[in-house]
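Structure below; questions to follow.
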Amino acid sequence: MMEEIFQLLKEKFPEAIVEIPEEAKDPTVVIRKEQIREVSLFLRDEVGFNYLSFMAGVDLPERFEVVYYLYSMGREPISSNLGPLAIKVYVEDKTNPSLPTVSDIWPSAFQQEQEIYDFFGIVFEGHPDLRRIFMWEGFPGWPLRKDFENRTFTFKELEPTRPKAPYW
Amino acid sequence: MAVALKTQEIVLNMGPQHPSTHGVFRMVLTLEGETIVDLKPVYGYLHRGIEKLSEGRSYLQAVPITDRLDYMCAMTNEFAYAVAVEKLAGIKPPERAEYIRVIMAEFTRILNHMMAIGFLFNDLGAYFTPVLYAFRAREHILDLFEWASGSRMMPNYIRPGGVAGDLPEGFIPQAKKLVAHLWKFADELDTFLSENEIFLQRARGVGVLPPEVAIAYGVTGPVLRASGVKYDVRRAEPYSVYDRFDFEIPTLPNGDVYDRYMLRLLEWKQSLRILEQALDQIPDGPVSEKVPRRLRPPKGEVYGRIEAPKGELGFYLVSDGSDKPYRFKIRPTSFVNLGVLREITIGHKVADVVIILGSIDITMGEVDR
Amino acid sequence: MFGLGLLKGLYTTIKHGIMTYFKGYKHPFPKRYFTGRPAPRLEPEGVGLFTLQYPEEKYSMFPRFRGALMHLRDPQTGQPKCVACGACALACPHGVIEVVAEGKGKERKLVDYLYNLGRCVFCRLCVEACPYGAIEMSHEYELATYENKMVLHLEDLLKIGDRSNVTESGWAWK
Amino acid sequence: MTDLENILPYLGELIARWLRGFLPSWLVDMIMMAIVGLLIILLMVIVVMALTLLERKILGRLQDRLGPNRVGPYGLIQPVADVLKLLIKEDIIPEKADRLLHFLAPVIIVVPAFMVWAVIPFGKKLVAADLNIAVLYVIALGSVTSIAILMAGWGSGNKYALLGGFRAVAQLFSYEVPMALAILSVVIAAGSMSLQKIVEAQSPLPFVLLQPVAFLIYFICGVAETNRSPFDLPEAESEIIAGYHIEYSGVKWAMFFLAEYINTFAVSAMVVTLFLGGWKGPILPSYLWFFIKVAIVVYVFFWLRATFPRLRIDQLLNFSWKFLVPLAMANLLVTGLVTKLGLVYGIKVTAYWVGNILVGGLGLYLLGRFTPKKALA
C-alpha cells in the first residue's frame, strides 16, 4: 500500500522528494519545504489522507525537522485505513527557520503550528494567527531548542518580558 | 427575527478562574447580548514543560511524568508511553502484562467517561449530584488501582516492558464484582439522566460537529464517534491484545452534545464487555520483560499511539542511542480536540459554551502539558 | 408525555437520599466523638452513605500504598541496611534524594540521607533501584507540616521505618 | 389543644391590655405592630439560618454525603459560624461599581422579602394583617425583587453581573404572568382575595386536588421567581459564576442570601396557603401544621435542586410565554366556567377534575411533542 503511494509521489512530484529513508519504523518520506503544500493537497485530496494526527518539530544539530503524521478516516472504512505516513520537512536554516503553513489544508495544523512556533521558533508562512500559545509573547528564547538554557528563571528576569493586561 | 436589534458587543473573559472551564482554560468570548460572535482560546496557564522535562530524564524516569499529563486517566498515559517505547526498543511485553494493561486501561476509560458525564451535568447546572454519584463509583475503581499499584491517581504502574508488579491476591474476583456493579451504575445513570426533558432540550442540536469538520480538525475519541465516524485506534491499528476481544465501536449520527453524552455511556458498556472477557481470559505468567533500568533504544524515531478515553493519545519519540529521549513529543488528545471548539460554539449562547466545552471533555494537564 | 424523564430523575435522587440512612458508613452518633478502628473500604453497592469523617475515621491502607520514604534496619544488627551506593539518587526523576557518605570503595559509609519531601512524587523508582532492599515506601501520608521542614534526614526516615514495622523491602509486591 | 392554639394571640392580648393601662390606644396599636414585625423578622432570620443548614444537609443526603458535620454535633451550629464569618468579612466595593446602586440593591432586595410575611397566615389567628387584597399584595411585592437584582447587576460594574441582571429581569417578568393567572383561578374558586378566606375555602378538599394544573403552574413559577434550580439562571454557577451578586461580599452578600431564602420560604408558604390547605390539619395546633407543610414543600425545592440541570435563557422564556401562559389561561377559563355554573359541591369537584385533567393532559402531551427525543435517529 505504502509502496504504491511512494510510487505515486515519485511520479507526481519527482523533484519534491528529498529521500525515502528505508530504516524508518513508520513509512516516511522527506519532502522539500517549498513543495509541502502541493504534496499535502495531493495527499489529502487524491490519496485520502484526510486526518493529520499531529505535527512535531525536532531540533537536530544540523537542521530542524518538522514531522507530519497522516492517517485517513471516513464514515465507515475501518478496514481501508491508510497510514501512518510520516512526512518530514528539513528546515536547514537554523537562524531564521520558516516553512509554508498547511493549516488551511488540515485545520488541525492550526494549533499544532502555533505550538511548534512557540517551542522552536519555526515560522509558518501564511499562518493566519501565528502567536505563542503556551509561553507569552516576548518570552526569552525557544524552550524546546537544544540550545535553550535549561535552568530556573527568576521572577525578576521574566517579569519585564510579560505583556501587560489587557492582552487579548 | 426580521429586524435584528443592533447591540454593542462585549468581550467576556471566561476563565482561567471559572467553575466550568475544567481547570485553567481561558476563553475570550465576544458576545452580542448572550450570543457568541467570536471565541478565542487562551492556553498556557498549566504549562509545566513536560516535553522538555522528559528530554532530560531516562526512559523509565519519564513514566511518573506521563502520569501527570491527563491526571484523570494516568493509566492510559502510561500505556501509550509504554507502547511507544516498546515500539522504539523492540520489546515485547509478556502476555499477562498485556492483559493487566488492558484491564487497567478499560477501567480508566470507564472512570473517565463517568467523570465526563458527571461534569457535563455540573456545567448544565445539576448541582453536583451526577458528579458525586460518579465520584463514588470512581472511588471503587481507584481502590483497585491503589491496591495494584499503591497510588490512586498517579499509579506509575505500566512500564516499558510490562507492569510494575503482578496483581495482588484477590484482585480479579473484586474486579469482577466491580464490573457487575458498573453495569448497574451505567443503567442507573441512564434512567437518571438520559430521558430528562430539560437535558434533552439543552443538549439536542447544540454544538453540532459535522463529520467532515471533525476529521479535518483531527478530532478523535468519543467526540469524533458521536459525529458518526467509526474510527477507533483499538480497531484501526490494534495494539496490545485488543484484537482478541469481542466488542463494538459505537457511533451516533448527530454529533451534538447529547450524542457525545450518549456515546460515552455506550462506550462505557463496551468497555465493560472487554473487561469481562479480559478478566476471564487473563493467563498466568511473568508480568514484566527484563528491561535495563537505563534503557538505551537504538537510534530512530517512532510514534506509538493508543485509544485513550479522550481520543488518540500518542508519543513521538526520537532516540539518538543514549539513555534519554532526544525528542519527547506528546500528541495530546485534549489539545487537538479543543481546536474545534471555536468552530462549534459560534452562534450559540453563553450557557451553551460551557456545555459544549464539557462535552468535549478536556483535561488542562494534557492541553498545556 | 412530558415529565416522565424528570420523574425518573427525581426517583433516583430520592432513592439515594433515603438509602443513606440504611446503607454505607453508619453514623448513628456523630462519629467525631468516637474515634475507632480504621474504616473498611466499601463494597461497590451504589447506594448508601459514602462520607468518611476523615481525621477521626481513616481507611486502612493497601499493602502497596506509597507514602513517605523510610529506611529499614537490619534485623540482626539494628543498623540501617543502606550502604550509600547512591542508586536511589540516580533513579529518582526529580532529584529528591541526596546521599551523604564518607570514604571510598569498601570503606564507604553512610553519614546522612537527605530526602526532600517537598519534591517527592512517590513514584517508588528509588525503591526499585535499590539493590540492597534498604528503603521502602511507608504508609504515612499525613505529611503536612507547619514549618518549612520539607527535608527529612536519615534519623527521621529510620524513625518512620521503626514505626511501620516492616523489615523487608518489597514485601507487598511479591 | 385549643390552649396551644391560642397561646400567641392570648399573649398579645395580655401585653396590649397592660399597655393600654397607661398609654393612648393609637400608640398601643403601633407598639403591637412593631412587636409583631420584630417577631416576624426574628422568625425569618432563624428560619433562614435553619434553611441554609437544611439545604446543605438534604442536598448532602441526596448525593450520598453527610452534609456539614464539623461545627457542633451534626453540624447544628454551622449557620451560626456562617453568619459570624459573613459579618466579619471585608466589604469590597469594586472600583468600577456604581456605588449608590451597589449599596442600595441589597437593601431593596431584602425589604419586600420581609414584607410578604405581613399577610401570610401562620395559623388560625396568627396573621399580622388580614388584608382583603393579600394576593395582589404578594404579587406586587414579588416584582420589586427584579428591580433590586437589576440594580445589583448594573451597579456592580461587572459583565457577569450584568448578564445575570438581564437574565433575572427577563425571567422574573415572564414568570409573573402565569403566576398571577394561576393564583387568579384559585381566587375565583375561593371567591376571595384574602388569604385567610382562601384557606378557609379549602375544606374539605384542598385546592391542590381541585386545581392541580394551577398548582403545578404556580409551583413552577414559584421556583422561577425565587431563582432556584432548575430556573437559577440569574445566578448560574457554572455559566456566569454567581450572576448579579458576584461582586458582593460580607454583609451585603448576606442580604442577598437572606432575601433568597426568605423568598423560598415565602413561596413555599404561598403554595401551602393557596393549594395545600394552609394551616388546616387535625390534632396539632394550626401553626405547627403550617410549618410542617411548608417544610415538605421546601424539601421538594431542595430535591429539585439536587436533580435537575438548568434551562437556557431562551428555552426558559419560551416555556413561560408559549406554554405556561396559554395553559394558565385555559385553566382559568375552565375554572371560571365551572364556578359560574354554580353546581353543588360534589359535582363541582368532579367538573374541576375533568377540566383540569383535560387541560393539563393536553398541555403535557403537546409539550412532549415539541421536546427533543432520546431516540437515536
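Note that the chains are named A, B, C and D in the order they appear, and that numbering of residues resets to 1 at the start of each chain.
Assume a contact is a pair of C-beta atoms (placed from the backbone, for glycine too) under 8 Å apart; a residue touches a chain by one contact, two chains touch by 3 or more.
No experiment lies behind these values; they were computed from the predicted model shown.
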Furthest chain, CA centroid comparison against chain A: D
Pair with more cross-chain C-beta pairs in contact, given B-D and C-D: B-D
Centre-of-Cα separation between chain D and chain A, whole angstrom: 60
Chain A-chain C separation of Cα centroids, rounded to whole Å: 43
Intercentroid distance (Cα basis), chain D paired with chain C, Å: 50
Two or more partner chains touched - positions in chain C: 2-3, 5-6, 9, 12-13, 16, 50
Shared-contact residues (touching 2 or more other chains) in chain B: 129, 133, 136, 194-200
Partner chain A, residues of chain B touching it in the complex: 11, 13, 28, 40, 42-44, 47, 49, 51-52, 55-56, 87-88, 211, 213, 215-219, 224, 228-232, 235-237, 249, 300-303, 305, 312, 314, 316, 318, 326-327, 329, 331, 335-336, 338-340, 343, 368-369
Residue numbers on chain B that touch chain D, as the complex places them: 10, 12, 18-20, 34, 121-129, 132-133, 136, 194-202, 204-205, 252-254, 258-259, 262, 349-352, 354
Residues of chain D that touch chain B when the two form their complex: 59, 62-65, 159-160, 163, 166, 229-230, 232-233, 236-241, 305-315, 368, 371-374, 376-377
In the complex, chain D residues that touch chain C: 58, 60-66, 69-70, 73-74, 303-304, 306-308, 364-365, 367-368, 371, 374
Residues of chain C that touch chain D when the two form their complex: 1-3, 5-6, 9-10, 12-14, 16-17, 20-21, 24, 27, 30, 32-33, 47-51, 53
